[in-house]
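In the part that follows, the structures are each spelled out as structure tokens.
Each of the next two complexes has subunit A plus one other chain: subunit B in the first, subunit C in the second.
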Partner chain A sequence: MSRKRKIRIVVAKPGLDSHDRGAKVIARAFRDAGMEVIYTGLWQTPEQIAETALQEDADVVALSILSGAHMTLFPKITELLKKKGLNEILVLGGGVIPEEDIPALKKVGIAEVFGPDTHTGKIIEFIKENTRKK
Partner chain B sequence: MFDQKRLGEIQKKEKHWKEETLPGWIQNHPERRSDFHTSSNIHIKRLYTPEDIKTVDYVNDLGFPGEYPFTRGLHATMYRGRLWTMRQFSGYGTAQQTNKRFKYLLKEGETGLSIAFDYPTILGLDSDHPMSLGEVGKCGVAVSSLQDMEVLFNGIPLDKVTTSMTINGPATMLLAMYVAIGDMQRVPRKKLGGTTQNDMLKEFHAQKLCIFPPEPSVKLVTDIVEYCTKHLPRWNPISISGYHIREAGSNAVQELAFTLADGIAYVESAIERGLKVDEFAPRLSFFFAAHNNFLEEIAKFRAARRLWAEIMKERFKAKNPRSLWMRMHIQTSGCTLTATQPINNVIRVAFQSLAAVLGGTQSLHTNSFDEALALPSEDAVRVALRTQQIIAHESGVTDTIDPFAGSYCIETLTDEMEERAIKYIDKIDSLGGVISGIEKGFFQKEIADSAYKYQKNVENKERTLVGINEYTVKKDWVPIKLLRIKHQAEKEQIDALQKLKKKRNDKKVKQVLSRLHKAAEHDENLMPTIVQAVKSYATLGEICDVLRNVFGEYKEQITI
Partner chain C sequence: MNHNGQLVEGVLKGDRRSIARTITLIENNPSEARKVISKLYSHTGKAQIIGITGPTGSGKSTLIERLVKELRRKGKSVGIIAVDPSSPFTGGAFLGDRIRMQKHSIDGKVFIRSMATRNSSGGLARATRDAVRVLDASGKEVAIVETVGAGQSEVDIRKIAHTVVVVLAPGLGDDIQAIKAGIMEIGDIFVVNKADRENADASVIDIETTINMSWEKKKWRPPVIKTTAAKGEGTTELLNHISLHMKYLENEGFDKQRRQDVETELAEAIKQKTTDSIIGELKRTGELEELIGKILAKKTDPYSAADTLLKERLKGFKTRT
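Right after this comes the complex of A and B.
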């Protein structure tokens, strides 16, 4: 299927964590790669993020947490997205996330987790690959 | 520094070298890159010679340690006398768990405490606030009331340690709690030693842990400066911080310039409050990052000390020599640590901390090698502390003062750092000062631009990161067990808080909070009332809510 519109991606910072360097860098990289980027800013509740994804008609939600709260907040967000009927959205996680947590996060619907040191090109590639399929 | 005749001979020899020796060699051995430069885009020359520092005037520009302009160090004997304070930033889970970590670090030879608070505490929210869900005790210790602080300092006499608290928005409340613990331990207030970070301006630039808008934030900062000047003579009311600016992505020059610009803004605010510069300036302290470029970092610390002394002397006409001192704490750079091949981080931390010591720091935190993966484990923290001890006792760099002084390269870079920082400070002045710059989004944009540039440079391999874009491995190895913060901590903390709310005297809490409300409306110094409030066991969230009502709340300016 050929895509007529640009990929729309919500970059979000859930919880209280204020480390936004990664989120901002990735947001610019997505924009430079031709995507439509909506950056939420800090301190978003899971409800706010799900609502933004709905309002913005997002294809992708990219979540960044460096505070260690991912095991609480990521599952809440994927649950709320499903509740809103947004089953098709590609949800990605990033930040300081220990490898041993990744299987559990994938189980609740996080498509992939990109840790520190990830090349932005790799994430862009993953997004293009996995939104094309739909 | 050199006489004209000798310089002439050196120039002649250099010309010969450039024309005779160099071309043939380069032809057969091309250089690795066409241009070498630092993080701040300072061009690095192939070779520095006396020619580069011919305008450096030893007496005026370098001087002697313990004397103006302090390029060579703040103290007359530097580390030959006393080593720097080894202060490891730590805190996680409940107050009880962190109290245990503090005692471990003190037993292992740490010489000062440094508290990391969790996000709810930093943002002035109680552990049972809905936004605190999942964050309690995760990035630091949870402190919602004086009760938690009592547990945190159980068995730690405040007249024997100094404590640094990384706290900004609610710094007044945490300092009030520390004062209250001191009172309980019957330690005279004039003996309480330590630091509150209390630097809100860099929060707006970089760290973004803000509760109130910029102006009331600076008012609270100044309340602490005034209170400490009058009651806590051994307390550093502010740690003017470049660290977070750097970690958010700035380069070394921006870190230096923005930090000093913030320092200028605090001095102006305290003077406006009616304090005399020589009353409070001696207690101002600074906090910088030690990043990867060894030479640039050493130059940055030396330039920082000299430039601050000049600013205090020329701009603020300070007379007390101590007002000219830039006392600094340095932390190695968290953002340079890699999650892959994490043991390599031990080496990065060692070089960074060596730069901090060669730069003449008063206090140092070394990061743990597992920090790109989780909060540091006990084993990794010990290696970090040992790194400092090895530099202190085995490397020999502590036996003489400022050993890199006079290096053609280091002195050139020191001058260059200073000149570039001055240009930025002039620009900030022309924007109408720091608060105006914040409102215009100047700092955030500068930092985000640098962060993006850094990432691009790594990705296009202009900058080599070992283990990341070169020298990668297929199978990684993490030699230690990572620290896990159990969810149990959040539950225990919330239970304790709710029990406290049942047993305290609510009437007393209400009275003191209403007094605080009035004091805030009348623009009084809020410290004395906040001390009373914490002593009545009003919670951090309750006290902040009173101030939110009066001051309003910070709204993030979103720039990417």
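Right after this comes the complex of A and C.
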């Protein structure tokens, strides 16, 4: 390969919550870490997010949710990604997610969940270590 | 079938995953991508290519969303390449054009791809032209290219689009700005977007005056159209003018323009290939370091060094350098 592959990351806000400060902060941090960030904006359906990941050929999908609907929406998104053959995408969750929900989310394919107060550097490190090598 | 072969076959079938992966290949691995493009090339040339350029915040993405809506109503399939800048410091990019177009993201007849410039100047990424070819070969009837927020000299879109739409907004500058060189010279159609704002008519007059000065009785006089994209106003008229321009091109000088574009691209391809192979060879033999040393020591200069290097290699060519 003639040049280093850029990490392409979709940052998405699924469902009906409008709290996008966190998503914007991490999007900015990813940008500053040299990644190409595709931001979808608010109120995205699982289908919109999965299709965006496909068209953008994303390596990572970072989902931010503060509405409490993560147990419904996250599994739908990982299921749709798999259905589209996007098995190698690293899916991350963030926002307000209770500790006790995390094991179930990991079971459906969320690689890691980052709650409030997580240092952005920690997320970036996790992504760099876990993105597929192409 | 090898990987490239699968990509080619997928793209020709309109498979979205293959389109996405081929565009990534073009961005990341130009020499491998050449092989794919050369297989797709004969299937290109059917799509109508519309370029949308203009300053940051003038409403390009929102306008495109509306155009896609109109095109879909007419039953046309659409591919979009939306370019945003990479940071020259970190190489990262925040690609936000898609936000305005997400309504169309799950329409199977629409394909949207965000693209970072990766430090290419001119308002597009190096990969944009070939990415448009992929959309074209995949059967998209219309391809729309959104440039980065263009200031004055981001004019590369002229080389790849049939019709260039320059999108401006009221209050961006006076008639002095309008007569400057650069993007004001490349518009086939000018749009004053956000026309519900104050001073929209003054902007239209400034642009009309500029066009009147430079038009010189060419057969196509760029129209100036007022739109308010956020409300969907004026976009039908804009699309009508884009169609009129396409008809004009089909009747006039289309071929001449294409010949010129192909010549430019061929020259670029030759330059790329020769530079890569010669520099590659010099690196392997260590000659490159030696030459750099000589130039730094003022024993020779870059021009003479290049002449000497090429003298042997270009034997048989009669061009004078």
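Methods note: the second predicted complex is superposed on the first by the 128 of 134 C-alpha atoms of A that agree within 3 Å, B and C clash if a C-alpha of one lies under 4 Å from a C-alpha of the other, contacts with A are read in each partner's own complex, and residues count from 1 in each chain.
As a convention for this text, a contact is a pair of C-beta atoms (placed from the backbone, for glycine too) under 8 Å apart; a residue touches a chain by one contact, two chains touch by 3 or more.
Quick caveat: nothing in here was measured; it's all calculated off a predicted structure.
Trainee: Based on the shared subunit A superposition, would you classify subunit B and subunit C as clashing or fitting together?
Mentor: fit
Trainee: Give one of first, second, both or neither to describe whether A:Val37 is in contact with subunit B, with subunit C, with both, or with none.
Mentor: A:Val37 contacts both subunit B and subunit C.
Trainee: In the superposed arrangement, does A:Arg5 touch subunit B (first), subunit C (second), both or neither?
Mentor: Touch partner of A:Arg5: subunit C, not subunit B.
Trainee: Classify the contacts of A:Leu105 with the two partner chains as first (subunit B alone), second (subunit C alone), both, or neither.
Mentor: Once the two structures are laid over each other on A, A:Leu105 reaches no partner at all.
Trainee: Which partner does A:Lys84 contact after superposing on A: first (subunit B), second (subunit C), both, neither?
Mentor: Only subunit C; A:Lys84 stays clear of subunit B.
Trainee: Could you read off the angle at the CA centre of subunit A, spanning the centres of subunit B and subunit C, to the nearest 10°?
Mentor: 100
Trainee: Under the stated touch criterion, which partner chain does A:Gln55 make contact with: subunit B (first), subunit C (second), both, or neither?
Mentor: second
Trainee: Name the contact category of A:Val96: first (subunit B only), second (subunit C only), both, or neither.
Mentor: first
Trainee: Please indicate which partner A:Arg28 is in contact with in the superposed arrangement: first for subunit B, second for subunit C, both, or neither.
Mentor: In the superposition, A:Arg28 touches subunit B and subunit C alike.
Trainee: Under the stated touch criterion, which partner chain does A:His119 make contact with: subunit B (first), subunit C (second), both, or neither?
Mentor: first
Trainee: What is the minimum C-alpha distance, in Å, between subunit B and subunit C after the two complexes are superposed on chain A?
Mentor: Checking C-alpha atoms only, subunit B sits 6 Å from subunit C at its nearest point.
Trainee: Under the contact rule defined above, give the subunit A residues that sit at the interface with subunit B and also at the interface with subunit C.
Mentor: 27-28, 31, 37, 39, 41, 45
Trainee: Given the complex with subunit A, which residues does subunit C contribute to the contact?
Mentor: Counting only subunit C, the residues touching subunit A are 16-17, 19-21, 23-24, 27-31, 86-87, 90-96, 98-99, 102, 105-106, 111-114, 116, 118.
Trainee: Enumerate the contact residues on subunit A facing subunit C in the complex.
Mentor: 1-3, 5-6, 8, 27-28, 30-41, 44-45, 47-48, 51-52, 54-57, 84-86, 134
Trainee: Which residues, counting only subunit A, touch subunit B once they are in their complex?
Mentor: Answer in residue numbers: 15-18, 20-21, 24-25, 27-29, 31, 37, 39, 41-43, 45, 67-69, 71-73, 96, 98, 115-117, 119-121.
Trainee: Considering the complex alone, what residue numbers of subunit B touch subunit A?
Mentor: Residues of subunit B touching subunit A: 119-120, 122-123, 125, 130-135, 138-139, 207-209, 247-249, 335, 338-340, 372-375, 448, 451-452, 455, 459, 465, 467-469, 482, 484-485, 487, 556, 558, 560.
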